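My questions will all concern the structure given below.
Going in written order, the chains are labelled A, B, C and D, and every chain counts its residues from 1.
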Amino acid sequence: MPADDIAIVGWGQTPSVASTDLTEPQLCLAAVNDALAMANIDRHAIGFTCSGSCDYLSGGPFVFISNLEAAGAWPPISESHVEMDGAWALYEAWVRIQHGDIDFALVYGSGKSSPSDPALLFPQQLDPYYLEPLGLDPASLMGMQARALLDSGTATERDFAAVAARSRRAGAANPKAQTLPNGAGESDLDIDALLAAPYVRAPLRAHDLAPAADGAAAVVLATPAKARELTDHPVFIRGIDHRLEPHQPGVRDLADSPSTRLAAQKAGLGANGGGVGVAELYATSSAQELILRAALGLGPDVSVNPSGGALCSDPVMATGLVRIIEAAQRVADGTTRRAVAHAVNGQVLQHNLVCVLEGER
Amino acid sequence: MTTEKGSASAADEPMVVDDFVALTYHDRLPPETVRFADGLIAGRIIGQRCPQCRRVYVGGKGFCAMCVVVMGPESEIDVADVGVVTGYTIITPVRYYGQTKTEPFVYASVLLDGASSVLGGQEITGIAIDAVREGLRVRAVWKPPEARNYEGHSTRGWGSLAGGIVGFEWTGEPDVPREQYKEFAV
Amino acid sequence: MTEQHDDRHVVTTTLEFPYRRSLGPVIGGFARALAEERIVGVRTQAGDVLVPPTEHDPRTGESVRDGFVDVGPAGEVQSWTWVSEPTERHPIRRPFAFALIRLDGADTALVHAVDAEAIEVMRTGLRVVPMWRAERTGRITDIECFVPAGLEG
Amino acid sequence: MSARPVAVIGVGQTHHKKARADVSMIGLVREAAERALADAGCDWADIDAVVLGKAPDAFEGVMQPELFLADALGGAGKPMLRVHTAGSVGGSTFIYGSHLVNAGIHERVLTVAWEKQSEGNAQWGLAGGRSGGIGAGGAFAPFIRKYIRDTDAPEYIGWMVAVKDRQNALKNPYAHLKIADISIEKVKESEMLWDPLRFLESCPSSDGACAMVVGSEAAAAAAPNPPAWVLGTAVRTELSTFPGRDATRPQAGVDCAHALYDSVGITNPREQIDVAELYVPFSWYEPMWLEGHDIAGPGEGWRMVDDGATEIEGSFPVNPSGGVLSSNPIGASGMLRMAEAALQVRGLAGEHQVEGAHVSLGQAYGGNAQYFSMAIFGSTQDAVR
């Protein structure tokens, strides 16, 4: 890929909460202002802005128009919007900044899951002929996916519980993660105790499933030259790519994620995890984390979801961007020299984005 | 939630089936809207003055979208319930599922005295529909205190006056010269 | 941000609308077959039988071949999950399974509900058969659900 | 790195109708895409990425419908992106697709925009499912009233635009509205919907899709038909309302036009542009955009209409395809402007071809007249003179 190594120089995220009474524009405003403050640039220096949100999640048409108020769209700005997670807004902005005529781009993603019941809303995201009329909900799809993984013989329910326990322990230490019932207490994270919990969608239990949250996240991108002017520790996007799979779950191997593997290859991740120290994966079930680890070739030495991941914090439409932020944070603070972030769009890993981040070479 | 009652048609005719969608949302009103709504019930119209540009927004959203600065309770002031029509149209309602309007109605923008932002979508009463015009001086028609409520508020847009005010009526005063509101027209 | 509020501060809106779906030749053909208690698929250029059928091969985008192929009605569970508390949108109101079902003669799997009475009955590889709704309208829910073969009563 | 040349190498659209009951949403988008691929001499496998655009999901009642449509457009194994920038979305979808080639990321990108309005109801969708919806006409009518007041335009200007675009549509085989006996009298006597807008001054509700294949210089060289070079693109957005906003001449539209003209070396748009496809869903937006994009001076836009300059044989033809007033599959309407502008400089516009068109303008707007996407197309890479 001929692309320049664009840098991430600022970010912000609101705490993920089960329900907030702030509006989505207010959430966006908080995240955007934090990102701009961290980058230490004025919003008028931004050459392109791109946001990600979803009308149906927020319950009205054109939610992105009110969210725009957080971007400071006066005087007029060069701007776009994707009806997707903010990670794809970042991708569009990354493409735009490649043109070489702007220095900075602003990206934000936001969503409020609290107004609706995801189990009742998300069937609407499926094809209206064969799947939506069944009221097929995300957790049921993830349950069938988890069963396919168990049947493949590569994972057990105990493995699922281990992912959940590790994520929740990590999430309890992350002030931006959602406060979950039995989240912090070590005793509640005993794997046998987790396995004793009832199934929600067998073979998945409540702790195996991401709790939908309200929140927003924002990122400032910069050209390499501007990034080096602003900071001694720029975080560069070494590669980014996204790939799609067919929509119908019955034509896919749900126990694998070939589109993640392909996106990683196109993003230049390299074999066997490409030497990353940290991976932030947008897995909405514990089983998905295992599928993604395998697709990315991550070994046991890679720290996966040190933020707690989506199992502790899933502000839908911002979660993918949060994964990129959490990975960038760990490159910036020296935890690792190289990290990978993953985002997903659609149900059961239909469409996957992989972003490889590194510090100065 | 989803029911279908489409009928199978002859093999050479296009097949069309019904798909009834009903989705329910419970939105918690933001603090600014709650204060604005309580203000209407108490007979007040609350505006928010931007600490930076000093513009006054009626139904403040908690921030000035032009300066992108937060406006909290300390920015709130009372705005008059009289103002001027800065633009309008007469809408012939289009029929669609859930539409209850059937007769043409005035859809006017009103700039209240002391405010910088216009209130869109207001009905004008006390004057014939074809006599409504830009520059008309109007005052709020309040609901009786016991009838005021939380009607019309949402988490989107500038808000709604519907909880306390049914519309605006002509004050009988002479029209306001265009120069005085031109900057805020429509 | 999570404190309790008084109910007046919560606005409830129901977005409700009767949409009309035009099905086109392929999904429409599947729908017409349902009315006759038949399940049909289509063949891709590569020869695979797609069920549920679409106008295109989902892997390549190529148009499928003309004509329909009868499949099933019995099939085999390829994967499944147990729904212990159904939602109001689900087709069955008591605990049931959602399953990926590969119908006999098909190369891809269809998602549907399996009314299996108990989770212990469910397993990958289970043979299932469709239960037809008496009044059929051309929707996937013309199949009320699938049941384990031999239990169709 | 600098941006590399990009060309439109394939264009396709559906026959637009009130209800395309004969096709599913899948069939609708494939109809446009297959025509674009055929024009580009491509197969699904030749496409590197798919970009989809449409207006609010509530129009068809499917959340993020691109998820089920992407594999119908050969998207499996490829990147897909869904753009939504209100009415301008068709334009911005095309522009993002062109940027993927510009930036050197892909060789050939399929961009598709669509709407199947017959599956739902646009008024309902625009109102967010609530009563009292005013529709787009209700939102724009006050702006039009202000334009008329500010420029002293005679009321027949709107009727003239309505007649011209419907006459042009008679030459376009894909257009939805075909009103053979359209006349000033007929427009004038049609029902007043949103004062001062009459029924026949308003766009229809259509089912339809538009697709464009954009490619690199190498892709253009390999294509069987002449390319349209994408000489420049620009997008601008402003807030939907704010104190002091001039909604009849939104600053975002002014800035967008000037950024575009500057990027391609246009100093006199009226002279240097041969034909324009402007997003005119209500008749009065033709003079408003002629002025709002500084093609005409203040108050000169309606005089261009009055003088016949914007007719297909005029000095500055606008919407020879019949425009949004004749076909309005909302999400696709902006891309249709880009596609029709591209067809003109390729010389492939058929009966509505403007003689000698070498430089064309495609424009779309959306939201509360606050989103703008614009592009300049050339028959050659140095067509602007």
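One rule holds in what follows: a contact is a pair of C-beta atoms (placed from the backbone, for glycine too) under 8 Å apart; a residue touches a chain by one contact, two chains touch by 3 or more.
All figures in this text were calculated on a predicted structure; none of them were measured in a lab.
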Selected pair, greater C-beta contact count between C-D and A-C = A-C
Which chain lies the greatest distance away from subunit D when centres are computed from Cα atoms alone?
-> C
What whole-Å value do you get for the distance between subunit A and subunit C if each is reduced to the mean of its CA atoms?
-> 29
Cα centroid separation, subunit C vs subunit D, in Å, comes to 38
Measure off the straight-line distance from the CA centroid of subunit B to the CA centroid of subunit D, and report it in whole Å.
-> 31
Mind checking the centre-to-centre distance between subunit A and subunit B? Centres are C-alpha means, answer in whole Å.
-> 36
If you look at subunit C, which of its residues touch at least two other chains?
-> 5, 9, 13-17, 19-24, 27-28, 54, 58-59, 88-89, 139, 141
Where subunit B touches two or more other chains at once, by residue number = 1-2, 4, 14, 16, 19, 21, 23-29, 65-66, 97-98, 155-156
Do you know which subunit A residues sit against two or more other chains?
-> 19-22, 56, 59-60, 69, 73-74, 117, 120-121, 123-124, 128-129, 132-133, 135, 246-247
Overall pattern in which the protein chains touch one another (line/ring/star/complete/other) | complete
Please give the residue numbers of subunit A that touch subunit C in the complex, ascending.
-> 15, 17-22, 59, 117, 119-120, 123, 128-131, 133-137, 140-148, 151, 198-204, 246-251, 254
Complex contacts: residues of subunit A adjacent to subunit D | 1-4, 49, 54-57, 59-62, 64-65, 68-69, 73-84, 88, 91-92, 95-96, 98-101, 121-122, 124-129, 132, 241-247, 259, 262, 345-347, 350-351
Subunit D contacts subunit C in the complex at 19-24, 26-27, 30, 44-45, 58, 60-61, 71-77, 116, 118-121, 124, 128-130
Considering the complex alone, what residue numbers of subunit B touch subunit C?
-> 1-2, 4-8, 11, 14-29, 34, 97-98, 150, 153-155
Across the complex, what residues on subunit A touch subunit B?
-> 19-26, 29, 32-33, 43, 56, 59-60, 63, 66, 69-74, 114-117, 120-121, 123-124, 128, 132-133, 135
